[in-house]
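Before anything else, here is the set of structures, which you'll find just below.
The same chain A turns up in both complexes below, where it pairs with chain B and then with chain C.
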Partner chain A sequence: MRSDTTPAIKLVGLQKKFGSTIAVENLDLEIRQGEFFSMLGPSGSGKTTVLRLIAGFELASAGTVFLDGKDVTQSAPFDRDVNTVFQDYALFPHMNVIENVAYGLRVRGVGKAERLAAAAEALATVQLAALASRKPSELSGGQRQRVALARAIAVRPKVLLLDEPLGALDLKLREQMQIELKELQRKLGITFIFVTHDQEEALTLSDRVAVFNNGRIEQLGTPRELYEEPASSFVAGFVGTSNIFSTSESQKLVGTSSVVSIRPERLRLSEAASHDTGTVSLAGQVQEVIYLGAAVRVIVLCEQIPITVLHQFDYGPAPEREASVFVSFKRTDLVSLGN
Partner chain B sequence: MRISTSAKWVLGFISGLVLLFIYLPLFVVLINSFNANKNMVWPPPALTTEWWGKAFKSLGLWEAVATSVEVAIASTLLALVLGTLVAMALSRYKFFGRQVVSLLVILPIALPGIVTGIALNNAFRTILGLQLTMATVIIAHATFCVVTVYNNVMARLSRMNPNLQDASADLGAGLWTTFRLVTFPQLRSALFAGGLLAFGLSFDEIIVTTFTAGNGVVTLPIWIYDNMFRPGQAPVVNVVAVVLVLASMIPIYFAQRVSAVQDS
Partner chain C sequence: MTRKPGVQSKSESGLSSARLVSSYLFSRPKTRLALLLAAPVTWLVLIYVVALVALLITAFWSVDSFTGEIHMTWSLDNLQQVFTQALYRTVTFRTVGIALLVTVIDLVVALPIAFFMAKIAKARSQRIMVILILMPLWASYLVKAYAWRSVLSHDGILQWLVQPFGLSTPGYGLAGIVITQAYIWLPYVILPIFTGLERVSNTLLEASSDLGAKSGKTIRLVVAPLLLPAIIAASIFSFSLTLGDYITVNIVGGPNQMLGNLVYSNVGAANNLPLAAAIALIPVALMFGYLTVVRKTGALENL
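Coming up: the complex of A and B.
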C-alpha cells in the first residue's frame, strides 16, 4: 500500500557496526515524498554511512530500511529504486558523456534510440547537451558534477542520494550549483537526500535537516528550527556560530543555572548600558575586531568570558580594540540548552 | 638533474658498450644462420640460404612451434581467468589470511623451475596417478603464468576508483553486467600486458616442461635443446633463433604502445 503519505524512506532501528565501532546507532527516521532532506554533520558522524545503507552499498547490522513502504533492507543496490550522485562523481572513464548518462537505461534493456533520447533530455536538464560526445577526462569539475546528476536522474529514481556532491567545487561554482540543485529538485519533484558537512549549504537548500553526531541524530527540524532553537550545544555550535555559555558562565553573566546560547547577531554594542526591561547589559572590553566586509566581528571580554558579537555598520561605527563597551541583548533571545 | 658534458660522454659510452654486449651475439647468430660452413667457423667463408631452406622444410621444427604456441595460448588463457578472479577477490575483500593467499599466488614465479618441475612431476604421476600429456604441461605453466596476470590486474584495480562498481550497481547493473561493461574495459590493457608476459614465460620455458611433458610432447625450447648438439642441426637452430628474435619484437612493440596509451 502506498499513498502520498507513505514516507519515501523510512528507517527503523537502523544500526551499522564496522568491527567494534558503531557507525550508526539505532536510527529512526522518516523522509517525506518530494522533500529536500539534508543529513548534516562532521566527518565520521555516520551521515554517509546512512546514505550508503539506503543505497544498499552497506548492509545494516540491525534494523530495517523501507523504500516507498517496501522493505529493502536485504536488497542489492541494483534492486533499489534510488540513485546516488557520488562525491567523486564516479563517471565511467571509458565512456563518453552520453554513454555515461544512458548507462542506467542500457542495463535495464532500453533500446538504443530510446535510451539516447532520454539521456539527451537528462543532459539538457543540466545544460550539458553540447558536451554529449566528450570523455569525462575532458570535462571540468562542475561539468562532471552535472553529468553525474544527469546520469542519476536519467533513470527517474524515486529518491536521489547526493553524497557531498559539491564538496570538490570552488566557492562560486558551489553557490551556482546549489541554486541549480534546488531548481532541479523542484522541477523533478523527487526526494533528494543530501549529505553535507557544510551547515550553510544544508540550511539554504533543505526543507528539513538532520544534524548527525557520533552515529546519532542530535536534532531534526527545519533550518529555521535548527538555527533558532538548537536542542543541544553541539547543534548550537555546529549550525551557524553561537556563543555557548556553560552553567558556571551563565550563572555569572545572566544569573541562570543552565547551559545557554545566543547568536552573535542578536547582540548589540553600546557605550552606555541599556536599562530597557528584559534587556541584559554586560560591561566588557573589546579584545579583537575582525573586518568581514558587510559587518565586523567583535570579541568582547566580559567577566573574563569571550563573547562574539556581529556588529552591523548600520548600528554605528565599529569600536576600537581595548575600548570599554556594553554588550546588550534581550533575555528572550537566550536559548536554554539544558544542563 | 644536470650532468656535465664529460659525464654524458662517459655514460653514453658505457651504455653503448652494454647494448653492444647484448646485441652483438644476436647479430653473430643472424650471420651464422647464413654461414656456409657447417661448423660455423668465424668469419664465414661464404654465405648460403641452405639452412633457412632446411629449417622451413623441417617437419619436427614446425610441430614443435605448433606445440609451443598451443601450450602458451592455453596456459595464458587459464592464467587470465584465474589471475583476474584472484586479483578481484583480494583487492575487493578484506579477510583473514589475505596476505598469505597473495604470497602463495606470487610464489611460483620465484620458485626455481627445477623445484616446480620435480614437485609437479611427483604430484601428477604419483599422487594424482595421471599420465603426463600436453595438458600437464599447460597446467604446470599456468602456475607461474598466473603471477604476471595477477600482478598486472592487481596494480590496475588498486588505481581504479572502487566507486565505479558501486555506481554501476546503483544504476541497476547486476554483477556480471558490471564486470562486462565497467570493470573489464578498465582492465583490458592490464590483461593484455599480463597475458603477453604469461605467453612469453610459457613459450621459452624448458625446465618445468621437461618434467611435466608426456612422451612425444616436444615444445620449441625442447626441440632446440635436442637439436643443438646433433650433427648438422646447429645451423638450423640459428635460423630458429633469428626468427624468434624477430617474432619477439611484435609483442614488445604492442606492450609499449599499450603503456604509452595509458600514460597519456
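Coming up: the complex of A and C.
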C-alpha cells in the first residue's frame, strides 16, 4: 500500500475547537515524505495546535489525521510513529542525558546494552557524546536543545515535529542550530515539521512553508513563492517586509485600483527621475535613514505615503534626511494582492 | 505659605532618621541578618531544643514511689523498663502498625485526589477542592474525633449504611482508630502531594507519552521518581502525627492503648514523669530513624 507517493502526513477537514473558540478551521494539508515543512504564523494562529493534533496531544473536533496513509485521528501519542521536540525541551530532570535519550527505547522494551548503544549513537549525531552522564540541569540551553533532538530521533520516527525548538536560544546559537537541523534532516531523510513564528527561519530551512493566520492556511508554497508572489497582504506583510499600498494609495502612486505590494530591495533611490520604459519614478522627501550595517533603510514620503527603501551602498551614498529624491521601480516588480 | 516650610522640615527630619537607620543597616549585612533571625532562633533554641533536652534528661531521673518526689540522680531504670517489659513492646508495635496503616491508607486515597486536582481539574474546580480539603482543618480535632465516635457507634450512621449488605460497623477498637486517624490526617497528605504533582510539568508527561510510554510506564518512570520527595514529606506528616496521638484512642479506641496513652497516664494518674519521658523517647527515636533512612535514599535532596 505505502509508497513514496503516500504523504507522510495528510490532514483532511481538520478542525479543533476550545470551548467556543476555533483554533484550527477546516484544514486540508499534505506533507510529503522526507520534506522539511514549516508552519509559520503569529502566536495564536493555530500552528502549534495543528502540531499537537498531529502528535496526538489534542484530539480533533472534526476531520482526519493520516500518518503514512494510516488513520490515527483517535490514536494516543504512544501509538503514533511521530516524535516531538518540545519548545521547553521537556527533558526528564531525574535522568541523566543518556537515560533521557534512551527513554523511548526503554519503554519499548529494548535491552539495556542495546538501547544505551543506540542512545550514544543519537548523542553523537548531535555532537554531545561527551556529556552523556550529565543531568539536564547541568547543561546550557543549546545543549538541552540537542539532547531533546537526540531523544526524539533515537526512536527513529517517520516524522519529527519541532515546536519552536530554537525560540529560547540566542541569535548566534540559533543560526548555528539552523544549519545543523538542515544537515540532520538531510542525513536522516525523515520528514521534519517545524513550527515557528520567525519568518526568516522558515524561509532558510524549509522546502515548503504554510503561513497560518486565524486558524487557517493563508498560503502554502516554497519560500521563493511566498516571498515573491505573496497571495495576500497578510503574507506580504508577515513574510519579509513589504510596502503594501491600499487601493486608494496605489491609485495615487501607480494608477492601479488594487492592493499592491513591493519589496523594499526592489526600490532604487536617485536624484533625477528615471525615464526608462516600464519604470515608475515617484518624487518624495527622505523622512528617516536607518543604518543597518550592510545597507541603509530609507523611509521616503511620496504623496504623504511612507515608502520603505532598502538602499545598498553599491548604488551610491545614502541620502541625507529631508533630501528630495526619486523612488524608482519596475512595474513588473509590483505584486497585485487583489482588492 | 509661611507654615509650609516648617511642616516640610518636620517631615524631613522624621524621614531622615528612618533613612539613617536604613543606611546603617544597609552597610552592615550581618546586623541585618541578626535582627531578622533573633526571634525565630530564640524560639527554636529556648522552646524547642531546650524542651527536647529536658525530656531526654528527665528520662534518666527517678521518682520516689512513696513521696512521689522526683530524684535527680542518674539511672537507666526507666529506659531498662521500657526496653524489657512486654507491655511497652506490644504498645510500640501496635502504635507503629497503626501509624503505618494510616499512612498507607492516606497515600492510597490522596494520590488519585491530588492527581485529579493537579492535572485534570480546571482552575476553578481546583480552587474549590483545595478549600474543601482545608475546611476540615478549621474544625476542632476533638469535634472530628467525636463525630467519628458517633459514626462508628452501633446505632450510628455507618451501621445503618452497611447493614443492608450484611455488614456491621467495626465499632470502637483498632479499626476505629485507623479510620479516624486516616480521616483526620488526610489533608496533610493530600496537600504536599498536590503541590509535588503541580511541579511535574505537563510537557514531561506529554514527552513520555510521545516517546511511546503508556500511562503505567509514565507513572512508574517519570511521575513516581519526581513525586517521591512529596510522598515522603506527606508520609512524615501522617506517620508522626499518628505516632503521637492519644486523644482519638480514648474516644474511638475502646480498651486499646497507644504510646501517647502510656505517656499520658504516667504524667497524670501514675505521677511518674521520668518514666513518661522515657516512653516519649520511643516515637522520637522512631522518627529519627525514619528520617535517617529517608535521607540515605537521597529523596530529601530534591525537596
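Just so it is clear, the second predicted complex is superposed on the first by the 339 of 339 C-alpha atoms of A that agree within 3 Å, B and C clash if a C-alpha of one lies under 4 Å from a C-alpha of the other, contacts with A are read in each partner's own complex, and residues count from 1 in each chain.
By our rule, a contact is a pair of C-beta atoms (placed from the backbone, for glycine too) under 8 Å apart; a residue touches a chain by one contact, two chains touch by 3 or more.
None of the values given here were measured: they were computed from a predicted structure.
In the model built by aligning both structures on chain A, chain B clashes with chain C.
Look at A:200: by the touch rule set out above, it reaches neither chain B nor chain C. When the two complexes are overlaid on their common chain A, residue A:271 makes contact with neither chain B nor chain C.
Touch criterion met: A:76 reaches chain B and chain C at once. When both complexes are overlaid on chain A, the residue A:303 reaches neither chain B nor chain C.
In the superposition on chain A, A:114 makes contact with neither chain B nor chain C. Using the contact criterion defined above for the overlaid structures, shared-chain residue A:138 touches neither chain B nor chain C, since it reaches no partner. Once the two complexes are laid over each other on the shared chain, residue contacts for A:155 go to chain B and to chain C alike.
Once both structures are placed on chain A, chain A residues 55-57, 76-78, 82-84, 86, 88, 90-94, 103-104, 106-108, 151-152, 155 are touched by chain B and, in the other complex, by chain C. Interface residues of chain A facing chain B in the complex, by the touch rule stated above, are 55-57, 76-78, 82-84, 86, 88, 90-94, 103-104, 106-108, 151-152, 155.
In the complex of the two chains, the chain C residues touching chain A come out as 201, 203-204, 206-214, 217, 221-222, 225-226, 302.
Looking at the complex, you find that chain B touches chain A at residues 161, 163-164, 166-174, 177, 181-182, 185-186.
In the complex of the two chains, the chain A residues touching chain C come out as 55-57, 76-78, 82-84, 86, 88, 90-94, 103-104, 106-108, 151-152, 155.
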